[in-house]
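Same chain, two partners: subunit A is paired with subunit B first, then with subunit C.
Now for the complex of A and B:
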C-alpha cells in the first residue's frame, strides 16, 4: 500500500469515527478505567484510607481523651515542629538511617554471596542449602526472635557460654544490650539472618537467567571471574537488584519486632528506631497525634529514598520495551 | 406446619428476642437479666478459687447472666485498654493498676461511682492510699481491690550459714551482703542481693528513705524532685549496694527475678508478697525452697526503722460505656466485699482493700503487710502513667548502674522529663 492507500485508510477510519456512536468511543476510552476501577477501589480502601487517616491524625492533638470521644484537636504542623527541636527525635532518625544502610548492605552482600554459591555447588548441596534457607524464611518471626533472645540471654545464654568455652574471653554475665552498639550488632545479626533467604533465592533465580553464552564469550575474551561478575552478571541482574534493594530498604527502615521482642517490650531510648518511637508515642504514651506524625516522617523518608529506585526501575522497563 | 403453629412459634421467637434485648437495657437486680458481663483481671491478681467463688455467688442471683473473666498481661495492658475504651464495647469491669486509674478517669473512660460508695462493703475502712488512687477531682472512679508492697525475701539457710540475722539498717544490709558474697561469691551466678537494673519500684524506697521524692506538686504544677540532693544520696547508696552485691542484668527488668531466685544462686530479692508463690511453684519454681524463705522490710538508713515502700495495688473500675452498670457494680462489690477479700488474704497472701481484714494475714504475708505500714504513692496525676510508659525512671537507673552517666547527670535528665510529662 502506497501513500494513496494510507490516505484512503485514514479517510475511512475518520468516516468510521464520525459514523460510529459517541457512546462507543466513550466506552472505548472509559473501558480501561472501568476495568481497573475495582482494583483501584480496593487499593484506595486498603492503602489510601489508612494513609489519609494517618496524615490527618498527624495534624491533631490526639490523646486518650480525644481517642475516647473520636474527636481530635487540630494543631496544624505543631507535632512536626516538636520533632525539629527534639534532640531525641534527631537521634532516632539518625540511628534508623544508619541501621538501614548497614542492614541493607549486609543482607544484600550475604544474599548475593549465597546466591553465587548456590549456582556453583553440586545438586545435593544446593538442595540442602535451599532447604535450609526456606526453613529460616518459614520460621515465624516472633518465635525466631525469642530463640535468639535465649541464645543471647544474660544469665543462661548459650552464646556467652560458648564464647567463654572457646576461650574468646570471659563472657559470663556479659550483657549484650548494655552497649547500644553491641546491642544493635545483635539486632543486625537477627535482621540479616532473616533477610538472607529471600534475597539469596531471588538472586539465585535471577542468576539462572544469565545467558550461558554471554559468560562463555566473556571468558573466551579473557575476562577473569570477577570481571565476568561485574561486567556481565550485574548488568543483567540490575532489575532484580533494584527491586531487592528497594524492598530491603523498606523492610529494614521499618524494623520493629526484633527490637521490641528482644528487649522485652521495654527498649530503653538508645534502641528507639523510628518505628519503635512511633509505637511508643502512640500506644504507650497515648499521644496518637505525635505517633502518627513520626510515622508520616518515616513514610516521607522512605518515599524520598525509594523514589530513586522506582525511577530506575521505570527507566529499565521503558528501555526494555 | 399449620398457620396457627407458625404464628405461635413466631410469637415465641419474638418473645425470646424481646427478653434478650430487655436484659441488656434493664438495670434492676431482680435476677431476670440476661446477657454477658465481661471482666478483665490482671495476670496473678486473684487466685482462681476466689474468682470462681465470686462468679458462683453472682450466678446464684443472676442465673441468666454469663460472666466472662479474661486475664490480661501487665506488659501490654495500656495498649489493650486504649483500644478497648476507644471502641463502643469495652469490658464492663476492669482491674486497673493504681497508678493507671488517674489517666483513664481523666480521659472520661471510667464511670463515676461516687454516689454508690456507701453501697460497697467496708467502704468506710478502705485503704486510704488505694481510695486516693481511685479519686480524681473529688470523684470516685473505682473501688480498691487489693494492695501489695515490697519487702526483701531471703534464704534462711544462707543467712544461717554466715551467721546473719535480718538487717535493721542499710549499713547492716551491706555488711550481711558482703558476708554472703564472701561465702558464695565464687559461684559466678551468685548474687547476695539480686537487683535488675530497671527495677524502679525497688529503688524508690532508697530515694524516699533519704527524704527524696519523684516529684512534688504545688497548686496544679508539678516539679520533678528526683535530682534533689536527698534523692541523689539515696541513689548513690543504692548504686554501691548493687555494684557490690548484685550480678543481675544491669539493663534487665524484674520480670524474671523469681525464676532466677528459684535457681538457687540468689540470697535476697526485693519482691512482692505474691512472688513467694511464684518462687515455690512446682512448675515454674522450686517447691523445696518453701521452708527456706522468709522476709524482712527494706531497712532505713536510720537503724531500727524501715524505708518507705511503694504501695502497689489494683482497683476495680467500671467502664463509662458499659451497658451493664448495675450488674457490673454488683460483681465488683462481690470481689471487693468481705468474703472474697478474706480469701484474698488467706489464699492469695495479699493486703486486702480494707484495714478491718489486715489482721487475717499470718506468716510471710503478715511480714509484707507490716512492711507496708510506712508506704508512699507515686504522683497522683493523669500523666503519671505516661512517665511509667516512657520508662523515664527505668532508663535513669540503667544509666546509673551501668556507669553510662553520673548520678547528677542521669537524675537531672530524668527530672526534666518528669516535670515535662507531668505538666503536659
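Now for the complex of A and C:
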C-alpha cells in the first residue's frame, strides 16, 4: 500500500482522535483490559490459584485425616527432605529423566527423517503419507493405548506372533510387562508412534519455508547433502526445533496415561514415572503433601529445561507485536 | 532409469513402508472390532476379517452408561469449545491490536503457563473442588479444560489477527465503514481459519483428556468416554472385541473433525509457532 496507504491511515486516525471525547479515550484505554479480562480470570483462577495451592500443599503433611478436615499440617521442607534420602524417589527421577531423553530423542529423530523424506518423495506418495500421518495424529491417546495394549497382549497379541514368525525368537505367551525395561520399551513405542505425526508434519511445514535458492547456492558451492542439512536447513529450522523439543520434553516428562491405562490402573513400583508416583502418593496412599511435593519437583525440572524456549518465544513475540 | 529416478523410487518405497507400519495399529483396531470372537482370540492372527460382524459395536453401545457418557463428553466438549473460542478471540484481538500496559506480562504468562504439565495440578484441583463440594460435577471439569486450552488458543489466534494488515481495516474505514463493521467484515473472515483450527484443538483436547476426568468424575453416570473405555477390562480379562469397537467409536468423532480441517490445523500451528 505504501505511502498513499500510510497517509490515508494517518488521516483516519487523526479524524478518530478529534472525534474522541475523553469518554471515548477512557473507553479505548480500558477496552484492551476488558478484552483480556475473562481469559485472564479463567487462567489465573483455574491454573494460577491451584499452582499456588500446589506449592503450599508441598509444605504440608496432608493425609486422610487432613483431607476430612480440609486442613493440612505445615511441615516446611520435610517432604523434600524425605525425597532426598528416599532411594525410591531417586529411582523415580532417574527413570523419568532417562525415559524423557530416550523418547524425545527417538521422536525427534524419526520426525526429522520422515519430514526430510516427505520432501523427497513423489507427489502421490507424499499425499498418501501425510494423510496417514494425520490419521495417526488424530487418533486420541486413550483409544491408541488400548489398541497397543491389544497388540502387545501376551496371549493373542499380534506382535508376539509376528516376532516369533519373523524369527526373532520365541515370543509365544511372552509377557512384555514382567521386565520393566521391556515394559518401558512398549511404552516408548506407543509414545513415539503417537508423537511422530505432529513432529514430522510441523518439521515438513518448516522445511518448505527454507528458501530454495539458499540450498541451491550451497550445492553449487559444493556442499554435500548432509552439509546442506547441517549448515543451511538446521539453522533455519532452529526456532521450530526449539518449539518441538520443548513441547516434546513437557509431554514426555509428564507421561501418565500410557503407564496407567496400559497396566490396568495398577502399575507396580518399577513403572513409577514421576507423574505416576505423584498420583499414586496422593490418590492411592492418600499422602497429598508428598504427592504435591513430587509434582513441584516435576514442574521445577521442566521450568529449568524449557527456560530458554520460553525466553526465546517471549523475545520473538514481543518483538513481533 | 536415471540415478535420480532410482533414488526417488527408493524414497517412495521407504515412505510406503513407513506408512504401512504407522497405519497398521489403526487397521488392527478397526479390523478387530469387526471380527467375531473366535477370529479375535485365535492363536494365528486373522489378517483380514472374513466374516464381518457388527456384534462388537452392539456390545459396546449396550455397555452400561455408554449413551450417558456420550452425552457427558459432548456436554463438556461443546461448552469448552464455545466458551474458550469467545474468550481466546477477545484476548487475542487485545494483544494483537492494542498497546497497553501489562501486555508483555500477559504474553509471558500465556507462554509460561503452557510449560506447566497439567498432571501436576490434579492434586490441588481435586482438593479445592472437594472442599467446596464440586467433585463429581461436570462444571469443575469444564472450568479446568477451559484453562488448559485457553493459553494455546490465545497464542495461536494472536498470530492470525496480527497477520491481518491494519491497513486493510483502515482502508475500509476510509471507505466509510465503522471500526466495528470494518472488523467484522475484513478481519473476521481472514481470521476464520484460525478460529476453526483453534476450535478443533479445543475439541480434541477436551474429548481426549483423561486424568482430570478420571480423578474428578467418580460416579459412572458422570464419566466421559475416555474413562468409560476401562469398563471392558474386568477381573476375568478384557473383552478385546468390545474394547476395540469402543475405542473406534471414541476415536471416530475426533478423526472425522480432524481430517476435515487438518490443513488449517497445520497452517494454524505453524502460524502461531513459527512466525512468532
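Note that the second predicted complex is superposed on the first by the 263 of 321 C-alpha atoms of A that agree within 3 Å, B and C clash if a C-alpha of one lies under 4 Å from a C-alpha of the other, contacts with A are read in each partner's own complex, and residues count from 1 in each chain.
Going forward, a residue touches a chain if its C-beta (ideal position, glycine included) is under 8 Å from a C-beta of that chain, and two chains touch if they have at least 3 such contacts.
Note that the structure is predicted; figures quoted are calculated from it, not measured.
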First, second, both or neither for A:129, with subunit B first and subunit C second: second
First (subunit B), second (subunit C), both or neither touched by A:154: first
First (subunit B), second (subunit C), both or neither touched by A:253: second
Touched partner set for A:98, first subunit B, second subunit C, both or neither: neither
Contacts of A:67 with subunit B and subunit C, given as first, second, both or neither: both
First (subunit B), second (subunit C), both or neither touched by A:230: neither
Which superposed partner A:185 touches (first subunit B, second subunit C, both, neither): neither
Per-residue touch tally on subunit A - higher for subunit B or for subunit C: C
Touching partner for A:269 - first (subunit B), second (subunit C), both, neither: first
Touched partner set for A:283, first subunit B, second subunit C, both or neither: both
On subunit A, positions contacted by subunit B and by subunit C: 67, 70, 155, 264-265, 283
Footprint of subunit A on subunit C - complex, ascending: 7-8, 11-12, 14-16, 18-19, 22-23, 25-26, 28-29, 32, 40-45, 87-88, 90-91, 93-96, 98, 100, 102-104, 106-128, 130-131, 143-144, 146-147, 150-151, 154, 158, 162, 165-167, 170-171, 173-174, 204, 207-208, 210-211, 215, 226, 229-230, 233, 238, 240, 243-244, 246-248, 250-251, 254-255, 258-259, 262, 266-267, 269-270, 273-276
Residues on subunit A engaged by subunit B in the complex (per definition of touch): 63-65, 67-70, 154-155, 172-173, 175, 177-178, 264-266, 268-269, 280, 283-286
In the complex, subunit B residues that touch subunit A: 75-76, 78-79, 82, 85-86, 103-104, 106-109, 188-189, 198, 247, 249-253, 255, 260, 386, 389-391, 394-395, 398, 402
Subunit A residues touching subunit C - in the complex, by the definition given at the top: 1, 5, 8-9, 11-13, 29, 31-33, 35-36, 38-40, 42-43, 45-51, 53-54, 57, 62, 67, 70, 114, 117-118, 120-122, 125-126, 128-129, 132-144, 146-151, 153, 155-156, 158, 161, 193, 196-197, 201-202, 205-206, 209, 239-240, 243, 246, 250, 253-254, 256-257, 260-261, 264-265, 275, 278-279, 282-283, 288, 291-292, 295-296, 298-299, 302-303, 306, 309-310, 313-314, 316-321
